[in-house]
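Two complexes come next, and they have one chain in common, chain A, joined by chain B in the first and chain C in the second.
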Partner chain A sequence: MEELQQPLPERLDLFTCIQCGKCTGGCPVSIKSPLNIRRVIRETVVREDLHGFFSRLEIWDCTTCSTCAIRCPRGLKPVDAIIGLREMMVEEGRIEKTIIDALDGAYKYGNPWGRAKNKRAEWAQDLDIQNALEMDPGQILYFVCCAASYDPRVQVVAKTLVTVLKAAGVSFGILGNKEVCCGSEIRRMGEVGLFEMLMEENMKNFGKIEPATIVTTSPHCMNALKNEYEGLGSEVLHYSQFVRRLMDEGKLAFETEVPMKVTYHDPCYLGKQNGVFDEPREILTSIPGIEFIEFGRCRENSLCCEGGGGRMWMEGTNQGKRLSEVRVEDALEMGVEAIITACPFCLLTLEDAVKTTGNEEKIKIIDLMELAVMGLGKTLETEG
Partner chain B sequence: MRDVLVIGGGIAGIQASLDMADAGFTVHLVEKEPTIGGHMAQTDKVFPTLDCSSCILTPKMVGVGQHPNIRLYTLSEVTRIDGQAGDFTVEVVRHPRYVDESACTGCGACAEACVMKGRIPNAFDMGLGKRGAVYIAFPQAVPLKYAIDPATCLTLSRGKCKKGPPCKLACAADAIHFEDTEKRLTLHVGAIVVATGYDPFDPRLKPEYGYGAYPEVLTALEVERLCSASGPTLGEIVVNGKKPTKVFFIHCVGSRDHTVDNPYCSRVCCMFTAKQAHLVKDKVPDAKVTVTYIDIRAFGKGYEEFYERVQDEGIIYRRGVISEVFKKGDKLYVRGEDAFLGEVYEEEADMVVLAAGLTQRKGLDVIEALGIQKGDDRFFKGPSPLDPVETGIDGVYLAGCCAGPKDIPDTVVQASGAAARAMAVLARGKAA
Partner chain C sequence: MDIIVCIKRVPETAEADLVIDASKKAIDTDGLVFSINEWDNYAVEAAIQLKESVGGTITVISVGPEENNEVLRRALAMGADEALRLTDPAFEGSDAYAMAKILAAAVKDIPHDLILTGVQADDDGFGAVGVALAQMLGLPYAALVTDIQLDGETLTVHRELEGGLEEVDTLKLPALLTIQTGINEPRYVSIMGIRRVARKEIGVKGAGDLGLSEEAVGAKGSLSRIEELFFPPVGEGAEIIEGTMDEKTEALVKILKERGGIA
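Presenting the complex of A and B:
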């Protein structure tokens, strides 16, 4: 926390910004929000006092998709300046109640929704999943995290993933009620201290069982564990990477016809930030009957759904059309029956957008693992 | 020892060769392509004078071809260098041309007859034009001798082409020899000028610009070929089958960019972009031409004036480089920020030109084995800023873009400098 005292430009090395605008030009919300990340960087460099930012709601418009950091020709991380400003706001208590509640929930109950700790593994009750803490070292750990543990819609994703893993004969365990939030969103809401606390709690459990591989539901958790958890020796994979590997190893093949015209929405934390573009596409195109077409904006140019960076708890200025709605409308124009995605936040925001645009009858949002279960000829109801 | 080796037949190697040959030394010029000329030969016009590039280059190329003191080895590569200043032994491999240089008259009957005619992307035209398996890169090629590309020639790749190869039947000079083989030769030279040039940055490494995915997205070298009267469109700006009306240029693609480990400025892109913006506007007056940039570096003689002229022609310079190019339906869009306005725009485009930077050539192992130092930018570098042509190895000198991106005037100056240093070694006759 000591380094928080250091001014942002020094801490994040922002002095070399050449104001080229590549960040703002690629920022998904820049076209509709007062947030101009290039200008924010300029202001942090030249202004002595950054308190003026504290009343600027648009700081919460950033989804932390990190397009700015990926494209910055000077190799800077503009998104970290946003997070840095949020850290200062959290430090001084200048944050909205919804954020306070989320942080509070994560602190007290290990999840930003503030749901009961002992209900974390309720979704898995009848699924006969090993307790990871009783596993030998070198096994596979499924890191479920909060959305998949508590949100009824995302619980389905967790269950389908379990179905797929079992179909492939994979031996794995979960931490159950001992698991706490990965902290990714917490860090992006500006609470580094709490992020570190959650990381330590999870690391303590990882240390006990030293898993060879940790598989995550969410690309956000994958990113945090892989790139931000210091000293973690395990391989960290998003489920799409792991399932793709199972196909390679001949443990999994999709043989049931799923006649459907679909497109795929790249989650920012999976695609742009971690370069996982091909695996989800290879999984879904290996399912017989699937007709796959790409969004015009796909892969490195994918459009963020606005679900990340604390946006599930704090709307920011929330101007203009939601990008998830843009996504749904683009997909309808392409004539697909479903958007496939591989991130709990994308799933929720896109599904909301289907409802707010009144298109429930025309298009579905399906998680990649739900599609995989169909390709295996299984249904959830008959499982577990 | 009066013999000297020049590696690379672009404008740097051409200038160095002519200087030394004119002074009476015997120059061995080794070029890996079938013709000399390099990237300058692909260029339509040069900045800031808008001189026709071929018109000023061709006399020098012909000069090389006809010079009694220059031995030109095309389709050739240096495979080994031993020795020291005043006494180098150089191994050269000559790849087969399958056309006898001494017999070929350059009439072109073979190319007309080739069954692959118009089917192979012509690398000289950046793949925008098509050629046959037997070809010359461009009409002013030196030597003006045809060559057969073994990878696409049916006789060479499959052992059979019609009832007897039509090219061979068409050649009145009987110059086609499918049995031609690789030859190795050893040269003894007193000094070496390295003039290996550059590789253009591959814009596929910046996937947000959609190069390779969208035919409307072009590199600067491709636009040179479109502008050229001898190019694939005979000088017409035609993209995706039609004249573009909404044209965007993007500066600094692969230059000044840590994400691709090229933090350096490529020095020529600001000016070639200004020139190309002018040429496009000149050829398509109705087009709205926008140049998106980070900074404008117009530092050479007459450069700032040229930049002003281009702006005066109604080309819009917008500060802030475009961040991404994408398709929506069948339309192409660019998205960027006008940093002066602080506004993001998303506009339709039907031609996007990437000012791809210059990078060090790949495949220079033999030269690197001499122990020439490289900078962080991977270009060769000399021991001191006072010795821009030196390599730190006595008898070996640098000319042109192998030592870092530079424009044509600077390249020619450095080439003459390298030639002067090499001649000093030759004149003194032995190692210092």
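Presenting the complex of A and C:
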């Protein structure tokens, strides 16, 4: 709480910024938004009163992909200035209705969509999954989180991951209706207090069962749990890392041919922010029949899908073409049949882009676990 | 200008599967999420906006048990100055009329130029407390207010009427307004904001403090009582349209046209 009292430039060391502009140069939204991150940094340093920012809607254009932080030669995190400004707006209560709804939903119901708490585990009811709260310490916890719990499209990903884990003979549990949002997006929308509240609630349950490993559906949750949950003793892995390990341990092998030409879209929170580039590629190339080609912009240079940083709940000023549409068009030019990805938000934004560009007949967006299930010769859950 | 806002804590029911409890006179609130009544939230925001333009103080009042501190504290975090909770076993079972008597007894002791309430409560939906309170206090009032302009001692308000009509009234202060949703955009109240007012004292008054006899409040002091609560019986008339997507679409459009749903 005291942290917020400290002015933004001091807190984030912004005085050391040399205004080189590499951040803006790499920013995926600067090409189409008034948001100029270099200039935001400068303004936060020289302006005595930051209230002028509060009416500038472009502050919500940032997807928190963190390309700026990777590029900064001074090792600064320009993205944190955006989040800092959002924190101030949240404290003043001056935020858009859709953001308020997301925050209220997370506060009241433990998920930013405001869906009922007791429906959180509905997706899993016929899958015979252990209640993690009844497990002994040192086991594996699958942290599902909100998109996979409530969004019908992402529920399929959760179900396929369960299929893969069971195929590998992994014993694991879920927190069910006791799980609450990891808070990653909440924090990035500037609601630090609520993030802490959600974290405490999850930590309380983690503390009860002390899992050895926590596996997440989303790279966003993985990032929050791994890098922002203070005092969490468990190893935190995105499912791509965990499944890759299962392959190493000889518990999982893909033997069913899946003849398909695909590319892979790096989720920012998995790749850029946590350096997980190889595992997803190794999983998909180990599936027989897969012909894999890279996007021109891949790995550290991957183009953000615009789903992060609260953008699922806020359109922003969003002039120009959506980056997810650019991504789909690039993939079509490459002649692939599917874009494989490994993040619920990427999955949803890319799939929307396929629809808005009218390419439903030409290209598919497939989650890495859906592909894995095909490689195991199992049926794909397509309901919902 | 000194403003009093009356707020209620209600269960959120939009997403919930409601169950009627054993008494058949109430819903089972176990597992339901409670928050400030939506209309009251707009009333608090309206009060804060008035205070921001002309100064003064805001007192928020809620009738109910300790849990109601939650909505009072939220209003304090939003910008109210004082909070008062009215609670007494004798208040149990009060209808809108008895509730207005309790509130009237409390606001008499608090200097005020303006009293705001929500149009209605999300749970009972009577829409009666505000106007009954105005009547008891002898204050001019306007219900269903969607716009407030203040000029000295005169309020000019817009009222939302049926059939898309809007009425413009002027009232002299002191007055009471019942606030309609959509009048403003209530600001967000952050968790840190709520924590910051965690130690702020919330006044508590019972029937004795307010000079109310047990006969005047609760079920005894009420004009109405709930006999039974039940779900409306499932009626006839639902039609399931069969066929392919195209056939279904065609059939639906035909029905909508025939019955005036679309031109």
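Simple rule for what comes next: the second predicted complex is superposed on the first by the 379 of 384 C-alpha atoms of A that agree within 3 Å, B and C clash if a C-alpha of one lies under 4 Å from a C-alpha of the other, contacts with A are read in each partner's own complex, and residues count from 1 in each chain.
Definition applied: contacts are C-beta pairs under 8 Å (C-beta built on N, C-alpha and C of every residue); 3 or more make two chains touch, one makes a residue touch a chain.
These numbers were taken from a predicted model, which means no experiment stands behind them.
*Asks:* Just chain B (first), just chain C (second), both, or neither: which does A:193 touch?
*Replies:* It touches chain C, and chain B stays clear.
*Asks:* Check whether A:72 is in contact with chain B, with chain C, with both or with neither, and answer first, second, both or neither.
*Replies:* first
*Asks:* Report for A:88: first if it touches chain B alone, second if chain C alone, otherwise both or neither.
*Replies:* After superposing on A, A:88 lies clear of both chain B and chain C.
*Asks:* State whether A:22 touches chain B only (first), chain C only (second), both chains, or neither.
*Replies:* After superposing on A, A:22 lies in contact with chain B but is clear of chain C.
*Asks:* Determine, under the contact definition given at the top, whether A:247 touches first (chain B), second (chain C), both, or neither.
*Replies:* neither
*Asks:* Taking the superposition as given, does A:100 touch the first partner, chain B, the second, chain C, both, or neither?
*Replies:* It touches chain C, and chain B stays clear.
*Asks:* Using the touch definition from the top, say if A:57 reaches chain B (first), chain C (second), both or neither.
*Replies:* neither
*Asks:* By the touch definition above, which chain A residues appear in both interfaces, chain B in one complex and chain C in the other?
*Replies:* Touching chain B and chain C on chain A: no residues.
*Asks:* Touching chain A in the complex: which residues of chain C?
*Replies:* 12, 15-17, 31, 33, 35, 78, 185, 187-195
*Asks:* Can you check the complex and tell me which residues of chain A touch chain C?
*Replies:* Counting only chain A, the residues touching chain C are 1, 4, 90-95, 97, 99-100, 103, 107-109, 114-118, 191-194, 196-197.
*Asks:* Touching residues of chain B toward chain A in the complex: what are they?
*Replies:* It is residues 207-208, 210, 252, 256-259, 294-295, 319-329, 335-339, 342, 344, 346 of chain B that touch chain A.
*Asks:* Any idea which chain A residues touch chain B in the complex?
*Replies:* Per the touch definition, chain A meets chain B at residues 18-27, 30-31, 36, 38-39, 67, 70-75, 296-297, 299-301, 330, 333.
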